[in-house]
């Protein structure tokens, strides 16, 4: 059995969440979200964020992003994002197909958009020949395991709103970002000025399910229809809802994310103590990007799942999850040491 | 606790399927369908149909239909279907939005398309001003609980292929149709001439998950990309796959569907023995359409979930599922008798 | 040389309009509509309608309709129209492709939508599974040459606005409708409650060019971008604008339309005096629908362009235009008499 | 009256072309392209290219590109082009909206794509998460007035076809490119390996109209429907066709383009002889990019139409057209000299 450092979605379902699914299975329930499991899960979100939100469940991360963006964008609008963003490189053109919009990308080394780069893409406003930037989309944590600070988000949000743009946050790993900064879910989103948040469940221990949270509630007005037309309405919704309820109860979301982050930090610390390897991105969430001597990659992959990120640089991505163990980290380090 | 005659998606998860989810949760697995649970589930489909198919999992029934249709249609094509079809009345325009195509509807009393009606919609072929019919889509069983015979499907398929059209089958309740006719899954689809089948899981006891089965395998060529761009790629795919594996093992799919059908038949038989009510559709799958005296509807809805289908006619839809019990049917009849 | 009773777009360019194109060709002009020809044409529209409009030029009738509808509709909305509407049967699915919306059709014998039929399509409001009607689109004059009265339009507009719907008018032959009723362009559109009007130029003597007129100016806000993204921005816009300026000057629009109507009326009068033929639609604008003895159709088509509308009924459509002559009408009648 | 160095679409209609419109106006003609003017124009294209083509007329350059790309692309495909391409920066997202596809851009200084850059964008082939490159689109001449050589195009075409990609050429100024290289229209397109060519008419003296030429005729199969659904079917098609017939007769296309090129060359030659200004792009077609001392720009713009291209660099674009005169060039130079 291979050990997983490939992705947090190679990990399975957290036991508490699996139990929650089973617990929701004792009687019939109204379909399509009009059930009390859904009501309770929404209440949990309101506890963690605030009452002043609208929240809806969808089926995967791409869908959370695309349906969120659909509420903000018409076809002639554009979305500014990093060239590393999931919406740009990993969604097979779903944002373009479904919103009709162009993505305007900023070059990024660490997964983040910077304000000067964003400003640089905000041009030809009012020019009928050119798409009109309307949304900034940032990933928190980023695809490189880095985390925007509260101040960074706030500055982007203020710039966005001053320029009639919305701020969307792809939070497929939002819990990991929060667990790193420890400032509170609401602070790191609503208070920082985010308009709509894609809140990840799958990568943090759920079987599947993501939430779209509207802090700008006007944008939520027609979301029921956008969700359905986007093929994202689960008929047995209660089983998505029950998972979220469990995730948001007893700090499970935080414990899962913090554990994953801690394992990444441990891995990074141990790797950086070894010769011939370089950590290439600041380790803040649950990913470690590191260059490994070329010869050891293939051997390691016999026992471990992980991705080669940049073949030229011999850079690999090691990702931890809620169920990564310290023993697994130590085992990996020993294996690397053996191969050095 | 209300009793469910509203829909087969008010029912929960069959215990065997829930166990299968739990059983798939003991170790990490490669994401996005490259895992052995997915391989095994696909093998199960091949056992029931044939080796000469391609099969993919998606997240709900609307998505199964829309992604299937996307493989057959360009925007200027049209889809011929009954005016009662799910794709026409219950998918919030997802087919139009995602395929860009118009739906050309045939008037239907019983949920079926007839050949003369289909021929009637196949006009202006080659006329650049008019959408070009390219697919016929039929529902099996229909939204009215009726079932196409093998011969009916074969005739439509032959007409379709003789006229350069594809035949799509919306089989959200395909198992119920097969359980009614008892001719075999493959006979009722591939052998009858269906090109692509949306094969339902959710309504037959799964938590969520549908399959798109290609008998015309050329159409499957780019389906991976269509699925991803349609926001239908589950990262932890094994948990969809494991459900399908369980559903297709030990005849569970058939037992569940047959039970639901039997309960509908029982309900219909008992209702039709009562005065003042008329069964309005032939009961073949798991739905009973019946006119009830107006005064009893509200009272019944206090104890039972069900939908009023046609307020004017005082017609309601009663739907059974894998976990409807004979006691529930009898209880409902007693309640009706009491109110008569 | 065949004589044209096929369509008002078999006719060429009115000489005054051709002259206007030539007159606009004496010096360079700013491209994309920022020229004084465009300003002047817009002023002409304001003279005929009112100052309180926004008006834009596009390249053909399908585009006028689709871009207009795009300002009112998101994908999950629906458009209610007659089953005979150009947007339903003659635009090759452009409305669905570009707006993502479904069309909900009302059955029509004479090309009009009636209020009871419209009401009938306005159902499942707020139901997330179903497209949400958002626009009523009517054709004035209709595809059958019939004309809505002011009161009919007003009633539909009032119903629309009372139900949070917009009213779009496909006025590819709006001039013909006005020339029939003689109540003024503004009365028959803005005052009747129309939100957006597709105002036809091509069928009334222009080389090409249609206008989209917004009475509900909020809807015009992003039209520049919708037009460009719809591939409808003419670079040498002045040559569209100059045509409209000529059309709206010296009552040319009215003279052209009235002449076409008069020729249709004459044709209808003479045909109805003959045995063995039936006028099948009230002749109000510039079309005559008539059943002709089957044997004469082919012979007539050797000398005359016209369309067989309904082969089964032996019904043909005869259409007149600004340059149909009385001699052509008389010649046609003589030919028919000869063949009787 | 300002003099035009802004764009070739500020220029009007060439007299021969205006006459051709008038000449086509003497009798009715079948609408929608089934007329002999259209046949004759198509024959003219076959004379210049070869019999082995399909050619269709559309209404503007954006439409020529988007409809051409629509024949090659499904939504999950991607289009590789220069970051300066018209389809990327000047079409308000029409390619994304209509094809659903992402554009993958190569950084460009001179408007061209190079093979190494193209290869760099051709990655993640077969990866379901990522759009699949399917078309390379190059502009000839480019938006910077530079021209691909025959060999450059051939190399790109061979790479494209070896990698299962199509080659599209945006030839809004294809005539200018040919007039620069003088190798023949067919050589520079079909023989070089282009699959589909957007052939410009408007910028070379037409009122409006562009042609889409298919050398890969399989791609043309459904173009009639794509054109109509893209709102690009002109009803009075003959007036577009007649313009193309005139343009392709008596070498008018070549004379117009060569004249524009010669005027740009003259302008560049004279400007480069002056102090304080730098020609920033090789002048091959009809555009001159030059840095002018900042103080003179505003003054010059009182008498001349031209665009400031890069405010930071004080770079302007001067564009010539078929009706730019030597006197206008000399006048501009004198004006500049006066301001130096």
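Letters A, B, C and D name the chains as they come in the text, with residue numbers starting at 1 for each one.
In the analysis below, a contact is a pair of C-beta atoms (placed from the backbone, for glycine too) under 8 Å apart; a residue touches a chain by one contact, two chains touch by 3 or more.
None of these values were measured; they are calculated from a predicted model.
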B-C versus C-D: which interface comes out with more C-beta contact pairs? C-D
Would you identify the chain whose Cα-based centre sits farthest away from the centre of subunit C? A
Mind checking the centre-to-centre distance between subunit A and subunit C? Centres are C-alpha means, answer in whole Å. 50
Distance in whole angstrom between the CA centres of subunit B and subunit C is 42
Whole-Å gap separating subunit C and subunit D, where each centre is the average of the chain's CA atoms: 33
What residues in subunit B touch two or more of the other chains? 32, 75-76, 91-93, 97, 100, 128-129, 131, 225, 228-229, 233
Subunit D-facing residues of subunit B, complex: 32, 74-76, 100, 128-129, 131-132, 222, 224-229, 233
Interface residues, subunit D side, partner subunit A - complex: 75-76, 78, 89-93, 96-97, 100-103, 128-131
In the complex, subunit B residues that touch subunit A: 1-4, 6-7, 9-13, 18, 21-22, 24-32, 59-63, 66, 91-94, 97-98, 202-203, 207-208, 225, 228-236, 239, 305
